[in-house]
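Heads up, the next two complexes both have chain A, just with different partners, chain B and then chain C.
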Partner chain A sequence: MPLSVSLSIEGDTTVIELTGELDAKTAPDFHQTIEKAAGHGTSTVEIRMAGVGYMASAGLRSLVFAQQKVADHVTIKVVGAIEPVSRTIRTAGLDRSILLSDD
Partner chain B sequence: MPSTTVIILDEYPPPPPQLYDALRTMDAELVTRTLPDLMYGDTEELPVADVLLVPAESDGESVRTAVRRLRRRAGAPIVVVWTVAGFAALEEHVRLGHDYLVPPFLPALVGARLHSCSERAGLGRTLREADARAELMGYEKELEIGREIQAGFLPESLPVPEGWEIDVRFRPARQVAGDFYDVFEISRGRRLAVVVADVCDKGVGAALFMALIRSLLRHTAENSGLQHLMAAGRAGGGRRTPVVGATPLLNAVTATNGYLTRNHLRQGYFATLFFGVLDPVTGSLVYINGGHNPPLLLRADGSDPVPLDVTGPAVGVLPDCVYTLGYAQLDPGDTLFVFTDGVPEARCPGGSFLGDERMLDLLAGPPVSGKDVVDRIDLAVREHTGTAEQHDDVTMLALHRPRAARGPRADGAGHRVVA
Partner chain C sequence: MVELARTPAALEVPATVGALGDIAAFVLRLAEGAALDKGAAYRIRLAVDELATNIVMHGYRGGDGRITVRGRSGPGGVRITIEDTAPAFDPVEGCLPPVPGLPPERRRVGGLGIHLALTSVDEFSYTRRDGRNISTLTVKAEGTDPCPPRP
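Then we have the complex of A and B:
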């Protein structure tokens, strides 16, 4: 299943909205968007994942990659991830550096 | 089917009537396109042709651009430039290597010229296909070499202590894998190290990091001293006992995490791993679960499997993070089942996952042997996947302590003498 990625700026937040499946095939699209988002220089990057039904380990790698791309003071938020996706993030321990929130 | 396909360039000037007549009398399919169609149109809609018929007035460089795009689509056509009187413009095309047609446009002459061009185009296509095949074979050979080298980073044979059984299933989704397992002795043969890990992502990148992470873990563990350590359990309290093998375990995982976060953080590769250290004599296990799917401890009495939950984050993500130790006990008849996410996340052709629930159903009841557990789950994974492409590497390891191995008194029940 393909992934659709959209990018917008709302105030001081760069919003990336993902819909579909985040795996080894689709992660490169997300990487490109992250690089663009990092260039915006906002203080928060919000990744809306309510529409992501499945995230493979390649998707986890994208989140680590996102952290590396943005400046140190930038907060990365993952918003609205369904339970299996947020569990994948928590199991790997990425919730220690990425903010997980319901909305 | 016509033997030749000719693209007639729909530019000014149009081909003179005699040339058109000659084209119509030969065995050729004629298609018409403008130069911008060929230069900027959708690649999928470009015609497949042997000959591109161009008026000498067309710009030579633009024609070359069009030919390059057609070549990517299905092989380059031969460019044939015609003119009635524009010989200066024609000369320029001939310098670019284009063929030409000049009056009189007699059907036999035009036909012979275009057929010979068509043969040249066919030859070019054959060469191009042969090149592509050779290139592909080159890549496949390289990948095969990669697979063989990677196999060298998996243990050649497993050191199985007496009274134990170890069964492994390793099925990569591609030629090279991000998953790995390892079993080796530490603390001068007094302890057995058991590792199952999953490097994030797939393909060659994951395979390179697999080789690095496996080597760092094993090298550090094998070369850590024999010191005893007052290891603090996660739950604290009662289990603060010195544990042989805990030092190599902690050293291996923290050193590997430190190395990766110091040197490779930018690349964003990391591994989730389960690293257990077993005392083969007592069956006690000390472990670190770094962000990995909790392995399941299957009890001899068939009670609910006990998950060995995470004790720290995935390795290679967070600098200076703390890994705590987990403890478990394998009694006779127990099996520790360690696996990667390729098992619960196996997908059927319709896209649904095997799932944790189904896995737990399959594992219900007392484990007969490690091999039985591995076989049962592997069969379920393969049946569930069916005709779908294998999505992810599948790795399973079962560490089983058979009942009989320690004799009839193993569980303390002793002999019952029937009078």
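Then we have the complex of A and C:
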């Protein structure tokens, strides 16, 4: 299943909305969007993942990349991830630097 | 003991990122045949996907190669073998659990993929035979999640 990625700005938040499956094949699309989002300079980057039904470690790599691209004071939030996806994020220990929230 | 069909289903694909979707569809069909619940089906798919991705990216190092996936499902669960002819690689030795205290951005995410794979299945074994890496993964229908989310 392909991944659809959209990017928008809401106030001081850059919103990336993902729908589909995030794996080694589709993660490069997410990567490109992160590059653009990091250039916006907002204080928060919110990644909406409620529509992501599957995420492999390639998605983790993208989240790590996001952390590296944004400035230190920028908060990265992952919103609405389904349980197995948030479990993968926690298994990698990324929940210590990325905020996981239900909504 | 997991009760499984006698004859395995098989899929052989080129070792490319583009073939990962075919492997995922094959695994999900087997999971459906075993009537695995959603969580168990997700775990076996994730485990096979991570190992296959590793074979594509690191095993054949971007060169030509084939991946053969065989699977049997039954009321007891699903057992899948993944075979390749890349240089010998034992996923258990390549597994890299998260290191407490090390910032995520300094970790090797590749090793984490294998860690994800091995913690997602109920049983795992590896053997090198006749120039082939053979990994066998089992998810039991009645199995409990070996890596539950932290409270």
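The criterion applied here is as follows: the second predicted complex is superposed on the first by the 103 of 103 C-alpha atoms of A that agree within 3 Å, B and C clash if a C-alpha of one lies under 4 Å from a C-alpha of the other, contacts with A are read in each partner's own complex, and residues count from 1 in each chain.
Simple rule for what comes next: a residue touches a chain if its C-beta (ideal position, glycine included) is under 8 Å from a C-beta of that chain, and two chains touch if they have at least 3 such contacts.
Keep in mind the model is a prediction, meaning the values are calculated, not measured.
By the document's definition of touching, both partners, chain B and chain C, reach A:Ala24.
Look at A:Gln68: by the touch rule set out above, it reaches both chain B and chain C.
Shared-chain residue A:Leu60: touches chain B and chain C both. By the touch criterion stated above, A:Arg96 is placed in contact with chain B and with chain C alike. Between chain B and chain C, it is C that contacts the larger number of residues in chain A. When both complexes are aligned on chain A by C-alpha atoms, chain A residues 1, 23-24, 54, 56-58, 60-61, 64, 68, 91-94, 96-97 touch chain B in the first and chain C in the second.
Of all the residues in chain B, the ones that touch chain A in their complex are 178, 198-203, 265-266, 268-270, 272, 290-293, 310, 312-314, 317-318, 321, 341, 345, 351, 353, 391-392. On chain C, the positions that touch chain A within their shared complex are 17-18, 20-21, 24, 39, 42-43, 45-46, 49-50, 53, 56-57, 98, 100, 103-105, 107, 109-110, 112-113, 115-116, 119, 147-150.
Chain A meets chain B in the complex at residues 1, 23-24, 27, 54, 56-58, 60-62, 64-65, 68, 91-94, 96-97. Per the touch definition, chain A reaches chain C in the complex via residues 1, 23-25, 54, 56-58, 60-61, 64, 67-68, 83-84, 86-88, 90-94, 96-97.
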